[in-house]
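Take a look at these structures.
Consider the two complexes below, in which chain A is the common component and chain B and chain C are the respective partners.
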Partner chain A sequence: MAFFKLFNNNPYFKYILGSIIFVIIVFIDLQLGLFASRTVNLLIRVVYFSVVAIGFNILLGYAGQISLGHAAFMGFGAYLTAFISNNYGLGFLPTIILSGLIPMVFGVILGLVALRLERLYLAIATLGIGVTIEFVFREWVWFTNGFSGVRLSRPEIFGFAFNNSRHFLLLSTIILFIVILFTYNLINSKTGRALSAMRDSGHAAQAMGISLFKYKLIAFALSAFYVGIAGSLYAYAERYVHPSTWGAELSLDMLAMVVIGGLASIGGSVTGAGFLVFVPRLVQDLPLIGEITNINFILTGLAMILVIRFMPIGIYNWFDYKFIQPFYIKRLNLNKPGGDD
Partner chain B sequence: MLKLHDISAFYGNINALSKINLKVKKGEIVSLLGANGAGKSSTLKVISGLLEPREGDVFFRDNKITGMEPEIIVDHGIIHIPEGRQIFPALTVEENLKIGAYRIRKSTDWRDKLDNIFEYFPALSDRRQQKGGTLSGGEQQMLAIARGLMAEPELLMLDEPSLGLAPLIVKDIFKIIKKINSEGVTILLVEQNANMALKVANRAYILETGEIVHSGNAKDLASDEKVKEAYLGSTH
Partner chain C sequence: MHWQIFLQNVFGGIETGSLYALAALGVVLIYRVSDVTNFAQGEMAMFSTFVTYTIWVYSANAGFPYPYIAAFIGALIFSAIFGFLIERIFIRPTSDSSLLGKMIVTLGLILMVNGSAGAIFGTDSHYMQRAITGHIRFGNMIIRPHSFFVIGLAIVIMLVLFYMIKFTMFGVAIRATAQNDKVAKLMGVPTKKVTAFTWIMATMMGAIAGLMIAPATNVYTGMMADIHLKSFIAAVLGGFTSFVGPVIGGLMIGILDNLVGYYISTNWQTVIVYGFLIIILIFKPYGLFGEIPKKKV
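Take a look at the complex of A and B:
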């Protein structure tokens, strides 16, 4: 009872517990080989896309800013990881942090653009940047190795090589765990409230002394940092980075994850990432439907339309609202449902 | 305390304010009245830094604050509650209030302050965890005012707090404004509801198409024939 109450009053525990369970399952898998190796690879994708979706959600869900060019930051993070580990042989941690920090600087620059443009115009401008960057990655050969792409090896921490996918899944899950807890604290801090205030009403936020200049830059910088880190995880996971991966489709996938899973919600971000990784895979195995080319684009589009039409708060929040909250209220006779983030 | 000197302001080519002169003394309630589009909101925006005037200066306690960034002006103690109840709908009542205290560095006593605020607004106290957007219109207006108070203003500027509210709630809101004033906060009040505004105010200014056409003691203005005819309705 007290346990449930704790949960309901402080969603923080939900995230800690959820993350711990996830890490434990992955750990057990490491020992016993629970999942097929194909599933392990899919789970790794869910993990790095979760980091992407959380970062993108800070921008879109919490701060109310749009970008359709964020794939560029992910690609940049991935290339940086390949470049740094191939040329300088830095270890996993310094590499992944640099692969977040350098895109973050470019995030600030994009934030400066966002100060001048709003909404639709911002979407168009960032889409333009996103389309251009694919060409930049192709032509910038000394950094990206152009069309041939770059290869790299799995990471090493203190001499331990994460050669096995299962080991790497555990490592990236721990990174996701840290990202989730950091994000939870961030959005419940003064900074998080200021971001939401900016989203809800720019004028009123300004009148309360919130500098839109500062928080737009923070939103873009943070999201670029997250997405850069996810790019780094991508590079280590796939061990191959190619320029055509970082086009507009990926940016639109980021948007889809956040909209489908749930805006302004960490759980929603993870749900959205899981949805985009798993659902197309499941459908591919179906007879007939699975044979349609580009079925995953069609599915994503359809899912977005359905979610916006029937559960605009996103799958995760809808589920939380429909089933989890009523469960608490019934079990505990609470008349005050605890809010999610 | 506050002085506007020959303020002119434009939106592109639209002249919203021409040579406005206005003064608010410490401890006063001053009303700013006028028809739609007269420039009332624009005047408040100029003071709070949301709109940069093309000419003229704003002084607050002998400091020139013209053209400063809005967040710096908040630091000076001027709080603007914009028209249309711009609360943050996705945040809870408590979070909305915390944002009010955004600029206050010492975070130690903000809980006391919350309790204090809930004394003014008991209706909000039962709704701490409710999302701002789900409050009724009157509650939202209370929240907007409460949020402003969290910033410990010296000058509180309210833009049409009575807009769209039932007469009984309007009465409550004006009572609260008086109470806030009696505890030492100077108030600049923009209103369409001239009757009410002149009742609570010490002095008033009347704007017409960006210019001040009448000013003076609230009582005198309330009994002035021309003002009555134009702003208070003939039944007064």
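Take a look at the complex of A and C:
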């Protein structure tokens, strides 16, 4: 009883407990090698896509602004990481932070565009900007090495090289949980409430003294920062950055993660990232269906449409309302659903 | 001769521009009538073009005397059915979700249609014949009769469409639904039928644009990505609220694209053209001919 009460009353507890359990699992795996190395690589993908999805969710779920060009920021982060670590040899932490901060500046510029445009106009303009930046990656050989791509080595902290994928999984998991705690605090702060108010009604938010100018820029800057950091993790994880990765498909995948997992929810973002990484892999192993080429595209598209049609709040939130919260209510005799997210 | 090269570029721009305009009109038509921004227009056109290509190959192999005409008619029939099915299965059930939800459905359709095309037709690139083969020389200018065919066809389709929207009873129904679908319904306009029909028309227009562009791009799953984005930008540039705007926007983009590609740089062509268009959008967010919507609190 006391345990459940703790769970329900202290909002941090859920996240900290989850973090600790995850890090412990990854740590045990490091010692015993529980997962196959293929699974470890997939888990790393889940981790960096989770960071992407959380960043994109701040923009789409919390602030209600759409962007179909965020793949460009992820690419920018990845290229920056490769460029900085190859040419200047900065350490892991300065590199990853710079790879978030510089896209953030460009995020502010995109935010300035978003001040003038709305809904589908914004979607089309950001799609155009994304494609433009993708072309820049192809042609700006000095920075990106064009179609040859850039290679880089695994990161090093205080002389410890993360050469093993399992070590890197542990490192990126820790970064993901720093990101999650930061986001949790952010969305429950004044800024987070201002973003939600802006999403629900721009006019009403303005009437309450919320500056749309300021918060639109904040939403775009923050999401670009997160996505840039995820790009940096991508670069370190894959150790190879190629210009054809950062097209509109990746932007659509980001949207799919957030929609499938659940808009305006951290758990939903992680669920969505896991869905997009694991489900196509699992289906590929099935007989008959798995042999269809491009089954991952078909499945992702279908899942997006089905979620919008049947559970617009997303898989995670649906599961939460349907099973987790009634469980609390029964245990604690609460009248209304507790918890948060 | 410089002016001949210039003219040839402009002419080529008008040819591709009229196809952008055709695709853009389909998008605008759907948007006006059902409030859905059909991001999958390009992919649906790609799918129709694959079907057309398959009909063309089969009928040519079977010894049919006019395989291209068979393919063209096949394209129209298939795209009509395709548009109807997409509207019925995916769009109508989600018609009461939010604007964002409707947008996401068509974005999901991009992935589904593209994936299915890869699964059914493979990921190879195929050659497709021009409507009229051969070319004519005017001095240094080389002009293909196919270009005249494309431009002529686009003009005919647009004239028919404008006539229909302006002067027929069905056009009145379309405009009524576009303006206010609830009131239109109360006035006895069969809005569901109107919506289904606009989807059919838009898909057919997309299929024709795809078929006409196929000789230049080849038939493959990514053939419409660039054209689709340009047609979308054409629609935004012209304004989603007007039917003439997208046509002018499409022609502008076609001509600008060719001129930048020839006179400035082929490598940076896309970047320059998109950059320029995005700058225009920032200063004229609702397009050159669009109305600025009045927002209600």
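Everything below uses one rule, namely that the second predicted complex is superposed on the first by the 338 of 341 C-alpha atoms of A that agree within 3 Å, B and C clash if a C-alpha of one lies under 4 Å from a C-alpha of the other, contacts with A are read in each partner's own complex, and residues count from 1 in each chain.
The rule is short, and it goes like this: contacts are C-beta pairs under 8 Å (C-beta built on N, C-alpha and C of every residue); 3 or more make two chains touch, one makes a residue touch a chain.
Since the model is a prediction, treat every value here as computed from it, not as a measurement.
**Q** Considering only the touch criterion stated at the top, classify A:N164 as touching first (chain B), second (chain C), both, or neither.
**A** So A:N164 meets neither chain B nor chain C here.
**Q** Please tell me which partner, chain B or chain C, touches more residues of chain A.
**A** C
**Q** Quick check on the superposed pair: does A:N185 touch chain B, chain C, both, or neither? Answer first, second, both or neither.
**A** A:N185 contacts neither chain B nor chain C.
**Q** Mind working out whether A:S153 is in touch with chain B, chain C, both or neither, as first, second, both or neither?
**A** A:S153 sits against neither chain B nor chain C.
**Q** If we overlay the two complexes on their shared chain A, which of chain B and chain C does A:S196 touch? Say first, second, both or neither.
**A** first
**Q** Identify the partner contact of A:A264: answer first if only chain B is touched, second if only chain C is, both if each is, neither if none is.
**A** Touch partner of A:A264: chain B, not chain C.
**Q** Quick check for you: in the superposed arrangement, does A:A204 touch first (chain B), second (chain C), both or neither?
**A** both
**Q** Identify the residues of chain A that lie in both the chain B contact region and the chain C contact region.
**A** Common to the two interfaces on chain A: residues 201, 203-204.
**Q** Write out the stretch or stretches of chain A touching chain B in their complex.
**A** Residues 190, 193-194, 196-197, 199-201, 203-211, 264, 336, 338-339.
**Q** Tell me, which parts of chain B touch chain A in their complex?
**A** 48, 50, 69-71, 74-75, 79-82, 86-92, 95, 98-100, 102-103, 129, 144, 147, 151
**Q** Looking at the complex, which residues from chain A come into contact with chain C?
**A** Residue list for chain A touching chain C: 64, 66, 68, 113, 116-121, 123-125, 127-129, 131-132, 135-136, 139, 201, 203-204, 248-249, 252, 255-256, 259, 292-305, 308-309, 312.
**Q** What does chain C use to touch chain A in their complex?
**A** 31, 37, 39, 90, 93-94, 97-101, 103-105, 107-116, 118-119, 122-123, 225, 229, 232-233, 235-236, 240, 267-268, 270-271, 274-275, 277-278, 281-282, 285-286, 295, 297
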